[in-house]
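Some structures are shown below for you to check.
What follows is a pair of complexes built around subunit A, which joins subunit B in one and subunit C in the other.
And now, the complex of A and B:
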């Protein structure tokens, strides 16, 4: 066990052991351990195999930002082992192995590196045939190069989204972020502070700092109710107008902040030398995180590579953790010894100046670090910590418009943001020292507060007390290679150099050719080194080379978080409970739930047939409440409809109902319905269920454009509709208590009346879809159940039956009535439907008029007609089956069904314009490929003279 | 269209469209006010007629008060009166409007087209944050503010009430809305503490 005693291990609870498996082997850790820390505590350092060469890899950063420690969980691929907590019974396995992590058959790839030169992909997968990529190479690569495996049977998880608004969002709760958030909140701003770690403090929680600093900041923070702290929360992007997604495990906070302070810190950079990827070689901060967060001793015998104070502090931490520090290697030339150096020497640590690590060697199979080569000799060790420099965490600042530069005097990567609502604080702004970071947080807060209108004193910008050029490692390709720049993609120094030799001199091209920075770490550990290599190779400065564009998301995010939770939208008519009580088979039609038929599923066909029969021979009742209902009111109401619809409405008499057909501006039919003129200045207009939202929106648009004196009101939910239809419909209505005269002469076809029926105020229209005598009764929705009950009671002596959508579909098909959207498509013109009668020739304008005239001049190619299949026809084509003419498709079936009234199948179909005459025979291709010949008939299959609806 | 003698049925009543759907209570409480009196006018002449009755009209998307009623100005010519507990006052105005000659605007039928629900409870702010994308912090969205927005993924009008937020939305989506709020309250529970 590599476990250290308390107080090391701030994140773990030693009283709660947790058992889990890795690669089928049992391991034990503590509550609070990450997968990587628990495995490290048990001596398991190899966590994965590398992408290309299948080399063993282990902990590099302990931040979860690279591919080294990605693991497979049962239902989650590519889980960051360094950040994912262990849980009881969790089954963890390694990724990208052929066989097992220990015995990876693809480890042999490491010996064939020279056959996989940079650009190998582009050169190889081009051929030999044009489809080779798709048919041959891609399937192989998918199998070989995958990271994790998606579990298609993963149990459902709950995700949700919420919204968060604040005056100031601070990203990163390290010293700078804490200081910024506290300053802003103390001034009274509404502040949100988020950090991806489970606790606040950032480097203060694992670095060698006075614990009083963090506890002081934490107690100030706790006293601020207007400071909301979100730990374990990743800020995964910056979008326009300070919109930022904060991901707190399975919850997405869609955050809008007036001011944003990015205190995202710095990313410690690895050193480049041969075999720099061996397990046991890690960043200094990774060793510190293991020690302080998890109480894990990162090794027994360490060499420390230190080109800055952090490295010296790491060495002191290692000593505290009982690790023997064999030597500290400082590549900088010897100079005046600082206090840290003096302290280390005092503890007997050998410090070698002006030297660097030239190579490392591993144990058998490169499973762990065995020794390192320094200044011409080998030193045995099982741990090498690397502290040679850092790069600012540029991802979020760059997304917010920041420009990356390079300060040649300090040899540091810099980020510049233009003046605005996004500010930088701390290490990301190039600040090194703790007190400077805290001051820079205060400065950023003051700037943000002033922009918010708070009266605060200006804080001076932070100028570091001592400006020392940072150490820059000279990067020279090792003759034997395996000096990795990008661990995710197994890219070595020579790969990048070769790319520039091939002419890829610009960083964006180098990236695409070599795939550098395309792996999970997205260049966090490679971008700076790459820029330096390319700069060297092309004789330019690092600033001129720059880094590749950073785009959201900053890190991986699950599709579940993006999707969130959605209740399925559902709309119910006011009669929903009535249908359910009558055992209706309710089915969703768009968002609406509608009765399909009434009765048991076992006798569905019979129920539909009986419902049709009731309408044809007696009387039926249909809930038409889903129809769109619009009221057009105002002095210009008639003129408004005249411009919107194809028929004439301005001259429509009060009390009359007219069909209305709506075209879009290209002359295609988009909706139909009826308009009932209730008063000179008031029309009640219906629209199809599916189109009303769009029709209403279009009406509002045109109303704003035309500036007529009109108000448009959508009454779709406010009013319900009941269609009473069948030869006995009038008898039923006459039996109801009403002030409306339902007699044929007093209430003729295509007229409308207002009045009371059974104590319910109604708008009644004599219209219908069934071809029978038909009244549509519309009433306020809260009264619809009462009206329904009254109609049902009055209809009982006449055998009234409620009928559903399926019967309605057949009834209308028997009459050849079209359904917009089913029998029309995006280019259907009125002429193709035979609706010339519904298009006014006299009106100077209506929407689509010019287009249908132009399209008429192009000639008509197709026509919607009826097709009647012979009784007993064996093979009936389905909807969308093609209509052929001389073997070429000319149209398609749009509706088809069995007509019980006719005893045969009937259909509506587009046929060639020359085949539209009754009696023409057209060829239709059935689902099984058989061609059948069908005669064309008039639209109305049933009651062609329409006598029944006018009785 | 005067009200008749027939019984009115609203979604959450027995026999209503959302009958059987639970209205959640606890840390998040959803209550139904759909049967409470309200009356709206919309279209040319609405504002002038109401003003002539001595009803002070607030600016668009603001709420005013008149004899215990809340006066919601949803548009220049789109005004809604909410008369929780002052039914008689509203009836007086409504009767006056029915008897009045045009121009007087047109009924907006909000009492039929819109459900009226109230969200309250200890975790109200959290629930509202999940349901609505707007900045509803008290300093940003006051007692007399109206938001015409989306709540629970559907179009809605929302504003503060003494105990929480009132929400007006398409009455046909009542059952859906109750489910959506319950789901949000469930998430709030999961993230507690």
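And now, the complex of A and C:
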């Protein structure tokens, strides 16, 4: 066991052991352990195999940002083993393994590496045939590559989304972030502070710092009720106007901040040398995290590579944790000894200056670090910590418009943000000393507060007390390779050098050719080294090379977080409960639920047939509440409709109802309905259920553009509609208590009346609809159920039957009434529908007029006609079946159904313009490929003279 | 997510709005050749620079205009239709 005693292990609870399995073997850790720390505590250092060469990999950073420690959980692939806590009975397995983690059959790939140069796939798998890549090579490579496995049977989890608003959002709760958040909150601002770690403090929780610093900041923070702290929360992107997704496990806080302070810290960088990927080689900060957070001793005998003070502090931490430090290797030339060096020498540690790690060697199968090569000799060790430098965490600042640069004097990567509502603080702004970081947090807060209008004293910008150039390790390709720049993608120095030799000199091209930075770490550990290699190889500066564009998301996010808690939205008419009580089969039509037919599923066909016959022979009742209902009011109402619809409405007499057809500017049919002129300055207009939202928006748009004196109201939800239809419809209405005279002469076809029916205020329109005598009664939705009940009761002696959507569709099809969107498409003109009668020839203007005139000159190619199949026809083509002419498609079936009134199948179809005459025969290709000949008939299959609707 | 300032409702998330495209001159339909009419219908200019666009605030169904820089995506101002110069 590598477990250290308390106080090491701030995150674990030693009183609560947790058992889990990894690769089928039992392991024990403590509550609070991550998968990687619990495994490390038990001596399991290999966590995965690498992507290309299947080399054993282990802990590199302990931040969960790289592919090394990605593991497979039962219902979650690519879980970050370094961050994911263990839980009782959790089954964890390794990824990218052929066989087992211990014995990976693909480990042989490591020896074939020289046959897999960069760009190998692009060049090799092109042949022999044109489709060889897609058909042969890609499936093989897919099986070899890839990381975790998606569990398609994963249980459902609850995800949700919330909104968060604040004056100041501080990302990162390290010393700079804490100081910024506290300063802003103490000045009275509403502050949110988030950090991906389970606790606040950042480097203060694992670095070698005075614990008083953190406890001092924490106690000030606790006293501030206007400071909301979100730990375990990742800020995964920056979007325009400071819109930031904060992901707190399965909850997404969509956050809008007036000012944002990014204190995202710095990312420690690995060193590049042969076999730098062996388990046992880790970043100095990873060793510190293991020791302080989890109480895990990262090795027994260590070599420390240190090019900065952090490396010396790591060496002291290792000594405290009982690790024997064999040697500290400092590549910087010998100079005056600082206090840390003196302290280390005092504890007997050998310090070698001006040297660096040349190579490492592993145990059998490269399963762990065995020795390292320094200054021409080998040193045995099982731990190498690397502290050679840092890169600012550039992801969020760059998304917010920051520019990456390179300061040649300090040899540091820099980020600059233009003046605005996003501010940098701490290590991300290039400030590394603790007190400087705290001061830079205060400075950022003061800047943000002033922008918010708080009267605060200006804080001086931080100038580090001493600007020491950072030491930069030169990167030289090892003759034998395996000097990894990108661990995720198994890319070595020579791979990047070769890319530049192949002419890929720009960083974005190098990335695409080599895949560098495309893995899970997204260049966190490779971007800086890559920029240096490309700069060296092309004779330019690192600043000129730069890094690739950073885009959201910063890290992986689950689809569940994006989807959130999702309820399917549905609309119900005011009569929904009435339909359900009548045992209607309810079906969704868009967002609406509508009765499809009334009765049992077992007798659906019969029910539809009976409903149709009831309308044709007696009387039926349909809920048409889903129809779009618009009210146009104002002195210019008639003029407005004249411009929008194809027929004339300005001269429409009050009390009359007129068909209305709407075109778009291209002259295509987009909607139809009826317009009832209720008064000189008031129209009640219906629109199709699916199109009303767009028709309404278009009306408002044209109204804004034309600026006529009209007002448009969308009454679709406020009003309900009942269609009473059939030869006995008038008898039913006459039986109701009403002030409207329903007699034929007083209330003729295509007129409208308003009044009271059964105590309910109604607008009644006599229209065609089913082809029978039809009255459409519209009333306020709250009163619709009582009107429905009254009509049902009055209709009972006359055999009134409610009918559903399918009967309605057939009834309308029997009359050849088109359905917009079903019988029309994006290019349908009124002429193609035979609707010349509905287009005014006199009006100077209406939307689409110019275009249909132009399209008429192009000549008509198709026409919508009726097709009538012989009684008992065996093969009936379905909707969308092609109409052929000399073997070539010229149109298609748009609607088809069995007409009980006619005893045969009927259809609407687009046919060639030359075949539109009644009696022409057209060829239709059925679903099974059979060609059938069908005669063309009049649109109105049933009652072609329309006598029945006018009785 | 971008904020757009509705002249009636104040700053709101851009997903509450629907774009109706740039304000364009409408040629006289009766005095335009077929060819030019087709261009008017099917060709969008999309030149670099500042455009005035129609926007709709969907929940309130209010149409207004926004002046936007197509290069920087900065919304310079938003205003009611009545303030459009040629309509004032």
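Definition applied: the second predicted complex is superposed on the first by the 950 of 951 C-alpha atoms of A that agree within 3 Å, B and C clash if a C-alpha of one lies under 4 Å from a C-alpha of the other, contacts with A are read in each partner's own complex, and residues count from 1 in each chain.
Assume a contact is a pair of C-beta atoms (placed from the backbone, for glycine too) under 8 Å apart; a residue touches a chain by one contact, two chains touch by 3 or more.
Here the structure is a predicted model, which is why all the values come from computation and not from measurement.
Colleague: Once the shared chain is lined up, is A:223 touching subunit B (first), subunit C (second), both, or neither of them?
Modeller: So A:223 meets neither subunit B nor subunit C here.
Colleague: Which touches a greater number of subunit A residues, subunit B or subunit C?
Modeller: Comparing subunit B with subunit C, the partner touching more subunit A residues is B.
Colleague: Would you check which partner chain A:785 touches, where first means subunit B only, second means subunit C only, and both and neither mean what they say?
Modeller: After superposition on chain A, A:785 lies in contact with subunit B alone.
Colleague: Have a look at where A:827 lands relative to subunit B and subunit C in the superposition and call it first, second, both or neither.
Modeller: In the superposition, A:827 contacts neither subunit B nor subunit C.
Colleague: Kindly classify A:665 by the partners it touches after superposition: subunit B alone (first), subunit C alone (second), both, or neither?
Modeller: It touches subunit C, and subunit B stays clear.
Colleague: On the A-aligned overlay, A:461 touches which partner chain: subunit B = first, subunit C = second, or both, or neither?
Modeller: Neither partner.
Colleague: Which holds for A:700: it touches subunit B only (first), subunit C only (second), both, or neither?
Modeller: After superposing on A, A:700 lies in contact with subunit C but is clear of subunit B.
Colleague: Touching A:567 in the superposition: subunit B (first), subunit C (second), both, neither?
Modeller: first
Colleague: Once the two structures are fitted together, what part of subunit A is touched by subunit B and by subunit C alike?
Modeller: 714
Colleague: Of all residues in subunit A, which touch subunit B in the complex?
Modeller: 158, 160-165, 190, 248, 251, 254, 256, 565-578, 591-592, 631, 633-635, 681-682, 709, 711, 713-719, 754, 756, 758-761, 780-787, 790
Colleague: Mind listing the subunit A positions that touch subunit C in their complex?
Modeller: 239-241, 243, 665-666, 696-697, 700-701, 703-705, 707, 714, 844-845, 849-851, 854, 857
Colleague: Where on subunit B is subunit A touching in the complex?
Modeller: Residue positions touching the partner: 1-11, 15-19, 42-44, 77, 102, 106, 108-114, 126, 129-130, 132-137, 139-140, 152-154, 170-176, 179-180, 183-184, 187, 190-191.
Colleague: Can you list the residues on subunit C that touch subunit A in the complex?
Modeller: 1-3, 13, 18, 20, 29-30, 32, 34, 37-38, 41, 54, 56, 61, 63-64, 73, 81-82, 87
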